[in-house]
């Protein structure tokens, strides 16, 4: 007796989910034009918060803020001294709040609450960690069609250079710790164009990984 | 000629003594002759002496006769036992072998070798009684064809051989009489009236009366001497749509009556002294819950097991006052078999109309007595129906409504809007439990006003029988089966020149105060003859009317005899002219 | 116009007026009611905030710290709940998250105890949170608003906590002024996060792992910010005074400006101290006395307090701590005061003695303050005193000793000499005359006595008096006998929040309480006071008998509150009892109170008002007549009197004669 | 509990019956435009865990939303925020060790509050909580299950390297049977970890999660599909990444590929996902990877010295095999529907 077929309640506009017994199969839903192709979009244009600015006397002097009586502000800050700060909060460009106060911090390079602003940070040089040098043969590399090595590199050391046919991947010498994982991936599944210490062939390493 | 004939047949129980008597009565009844019988039972189940005394008369009689005209004895013990009751100029028909040494002269004696005829000529001892019947019919001039017709009708069911056998025995009896006996005495069957009479015992009359007045359910437990009522009803009540149930004991019987009667069906039970004792608590319930019920008590020698087959009138106080508390009930007492029929019907009428238990008191003598009854009795039965409420009259139904007319309408179960609670606990008008002082007083008053209402109810009028000269100074008050001897006694006293009058109230609770007070107002002496030791009716009369009474009590297990009463009348009349008033503590 | 609020309710209003946007909560006695009130408002849409039903205080604290990085956040907890939070609170102070905490102070540790003391507040001293102690509902509300103003100040950016003593503070109902939202908005600007998470233009990392160098420099900044909080708290208090009229500072100096003897303490217990101080002020033979009620505990205003003591020329300072020193030299408050005096006044400061009291809900009564002033006087005279803390209400270790055997022998061996020099002076310990009216209600839990007492408080306040209602709480559940006390102060120039335990009226919510052995209902009842009992079958005479009142001049009144409520179909008798109270105690007039009750009685309103009126009218001190049960029979008396006729011979003529036969 | 349905198709599945549109399938090859962490973190050479984090962040950024991560103390947090921050354009809130899910819940509430105030559009941010296996199975379980029970919309990722690696390889709730760690050493009397490992995804489903999935960084296409699905599906979603840890598992730094492959072939790590339809409480299970040829567990033990002790005890290996087969039994219907034997020896015959 044919199992009683049942359609699973689903929001999906392109696929139907047919239940037969314990199993579910996906079928094309009639009249669906298939998922519209969409590129990984730029970050969404949604509404976000805007952090307030905390300006020193020099910064205020260089870029006067419209909507503020700059000279009066500068005088007030001068009274407080070098550690005077101007707190300005202008989410949509227009100053909604401002306040002059003396920076309570003693060690000025440490942010309030030991907060770190990510974009101001420079990556640490970890090149000292590796014991071998790795270099990608530009011509051998498949460029943006492959990208295996970039996706498995624990250090995000491998970057895509260029676009289209002439593109290739390059290892950032400051970031690579020499873990061989990119080499294994390239040899196994891609172009086998990563040179270890300048050599493409290393009998011991190949034997270990591929039993040759 | 003799207006009536008193005849007794005595012998060994099991020899068919009673059959001879009953056959004689049935034939006589068809002739329209008035009959009253008296019989004794031996205590043993089989064997032992027994006798049946039949009095046949042209006029209505209520007593089976004191001295015998005609004595038939089938063996020596019977002869010795019963000879003294035979009149000097009576007739004796006895077994040939009996020796008659020292029998009084002037006695007509017929000696018939019944034993020999039955065993040797016919070959079966049990048909001896038919032979006696043949002989007797010849002596008394009973037409042969009537006897043969009766025998063939009676033995038809038993098959041709048995029938011929009995006819042959009858013929031999007649032949012997014709050949050997020459009729010397003058006794003949009295002349019958033109109308045929019914013949029945007291128990049968009660059962028939109940069935005739709409008895629907009978619950009983077998007890001598009342069992015949249940047996009769078990056969006949289903034919008229009723039902009989034998319960495991008297308590179950009376409780079943209570349930069935509450549910709307006329119900009854019959028992004897011990049974009435067991039923007394439920009589209280019937009175409290105001449920109609009829209880027949056929009294026997008491107390306790006492003398089951002997008659006595010693349950009166139990019937009047049995059950704890002020329990109300009606007590009736018929004085003859035809009276049993009417009084039972009256019991149902009163029970239904006034919604309370009615006790009918008879005794063993009356229960077992065969008597002829006037067939017209059936039409003129007293009627009484239960007052019921119409369904759905809206407001809450008050089962025990206190109204000036004492009786509150009942509601049969299932009546819409008639839902109510029935309980043995004191209750208010709705039937809910209520134990405050006003309610209990009011409800007790309601229950006792019923009895007062019964006194003035037309149903309960002329329930007293009067005999003798209305102006006589000697008064006799008795009840139940003792009425027969009293009637005889008054007649005998009249012949002796002493005027006495008698009153027999058939309703003992509530007493017919007007008639009794009228009667007691006239007489100077009151004799209260009854078959119990205490003088229970006397006690009742003394406590109710505060009158002096002369007691005549007898506990021999056999009915009173007119001679005993006449003797007491003579004694009482002797005191009439002696003005010695012994003052007893007269109240206030 | 003041509204009747419990401490918890005032705290909830503090959070609501500060427009807190994220309020995760986890229930714990005694601060639960604050979270319940906020949940009710949020669910009714009266407060725009996101509440989280956290599964533990640890998560609740994590949530306010996470949310506090983007919005204004706050929560309420007590005792052990706070101890769970301490593991995470470091991240708030360390991360510069200005979130707020309301703490209903309650004992911690074993054995478990749900009543008040400061051990939970003392346990969080090292989590870097600003700690403010409030003394009553009003201070709690105001301190929470000021707390956010201080915490979010750009020179602070640290979390704050407002402490209020459990039950005597959190569950005490009194008049609280609720400022209008727009005024608070002017005082407290909306929250702006310095490093918001939801700002892609400046992605930030909180709680990075810093090694020694950056770590210690960060901690240096953090401590600098915390010390700023001291000055900013003062400024915030003054600005609050300008806007709302109630001034707040680091501490409150109550009593003589020039005071040789000073008792210092934190929070709500000071209400009893005020009464004692005013009683002793200006008495013959008693030098200047003052009560130092410290409000800002962390950062501790050491310099300001030291200078105040110096200006007052204080010779002896007794510090009451409601917590333990746990191996420290002195309990925390005493230790901080001693250090402050030592650092800022050198040798010229007052001598300091430490007293421990009020632990686990122990009462700090007025006579305790008299004892402490007496101790201070002895110290001021140069008598020796213990360097280690004294204890209140410990029979074996009293402050003053009359007989040696009264004290445990080992302590006598240690402090015998000192005790000998310390003598108790009667002039300090004279009994304080009561100048407030007090009402005690004995009821069963679940009968709604508190609702009626709070209603009465509202009516009293509307009439211009200052009232305080404190229900006694424990772990009893429905049915147990509990007490609810109400205080009425007619002099409105000074607030009184301390009970004399001399009752003008005692109310029993049901007559079975008369038989309860532990509740001697007549104890403390003033001469001429009244005893009101809810009963429908005991007469006044019987009650006087049960309590063997004898000739004591005490009025006894009864009210059949059950019958009244039943008639109206009300489940509780508390409204009828409220009306009865007005009948017995007339200082709060009945008619004007109706206006208040129309708006503030529980639903069904109409029936409650009717119950109050009936309670008022049916209260009486006369005997109550027993209603006769009318009979339901509908038949005439004549019918009932009928009896069967007597037929005895007298009533009818008869010739019958008694005769003897034979 | 819940009604179980199996997806007949075995393999990665960008479509979900809970989502109107399928998620972006990056395929096995081709460069991926979005960035993960910035380089220069302090992780061990050849660390598989931080690869998972990278791929997670890249996948979430593919959805075009701003990512806010609530991370709990552990290897992943410590190596990426050592005196600096490698999180790039992701805002990070590290609060404490046991309260990753609580912190996540706090940030979700903050987002809701800001949205209520109209300051932020809620749909443009995804809140993700990242913790290790210790932080999810043991100390953080209460916060995690409570967060799921509250049904808040967010993603929770457990980087499962099967022990407390940050503090020096101590045994955790996720440590397999027989493993040698510093607190469950392979002694003469008690040989290695006596507990069998727990499974956080089962607990999450029982607690009411909308979507759970197990993934491994080697098959990055499958991982990134699951990450995007978790971000898109409404309600609490829980992911678990297989994180190769050369230091903790005492393996070479370059065998990331081989170890993962062996894990999949010996079925000691099963790639599956489960979507729950709330109203009817049905859960659709999809098996994403079924090994062609089953390998015995002993193969998997070879490359990792944490199992060195266990290798010499056949009954322990047998026990480990039973544990795996007991777990694999769940997928019996799907396998048979696709013609694959679920039992190892059945295949052999």
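A few notes on this one:
The first chain written gets the first letter, and so on, giving A, B, C and D; residue counts start at 1 in each chain.
Quick note on the criterion: a residue touches a chain if its C-beta (ideal position, glycine included) is under 8 Å from a C-beta of that chain, and two chains touch if they have at least 3 such contacts.
Being a predicted model, the structure only gives us computed values, none of them experimental.
Counting hops only between chains that touch, chain A reaches chain B in a minimum of 2.
Central chain assignment: C. Criterion: smallest distance from chain C-alpha mean to the mean of all protein C-alpha atoms.
Chain D has its Cα centroid 109 Å from the Cα centroid of chain B.
Averaging C-alpha coordinates per chain places the centre of chain B 97 Å away from that of chain C.
In whole angstrom, the spacing between the mean C-alpha positions of chain A and chain C is 56.
In this assembly, the C-alpha centroid of chain A lies 21 Å from the C-alpha centroid of chain D.
Residues of chain C in contact with two or more other chains: 70, 198-200, 203-208, 210, 214. Counting only residues that touch two or more partner chains, chain D has 66, 81, 84-85, 87-92, 114, 120, 125. The full set of touching chain pairs reads A-C, A-D, B-C, C-D. Against chain B, in their complex, chain C makes its touches with residues 631-635, 639-640, 642-645, 647-650, 652-662.
Against chain A, in their complex, chain D makes its touches with residues 4-9, 15-22, 24, 29-43, 45-48, 50-51, 54-55, 61-62, 64-66, 81, 84-92, 114, 118-121, 123-125, 217-218, 220, 253-254, 256-258, 277, 279-280, 282, 284, 333-334, 337.
Residues of chain B that touch chain C in their complex: 402-404, 428-429, 436, 438-439, 441-442, 445, 448-449, 451-452, 473, 513, 517, 520-526, 544-548, 550, 571-572, 575, 578, 580-584, 587-588.
Chain A meets chain C in the complex at residues 43, 48-52, 54, 85, 87, 89, 97, 99, 101-102, 104-107, 109-119. Chain D contributes residues 66, 68, 70, 77-78, 81-85, 87-96, 98-99, 101-107, 109-114, 116-117, 120, 125, 142-143, 146, 149-150 to its touches with chain C in the complex.
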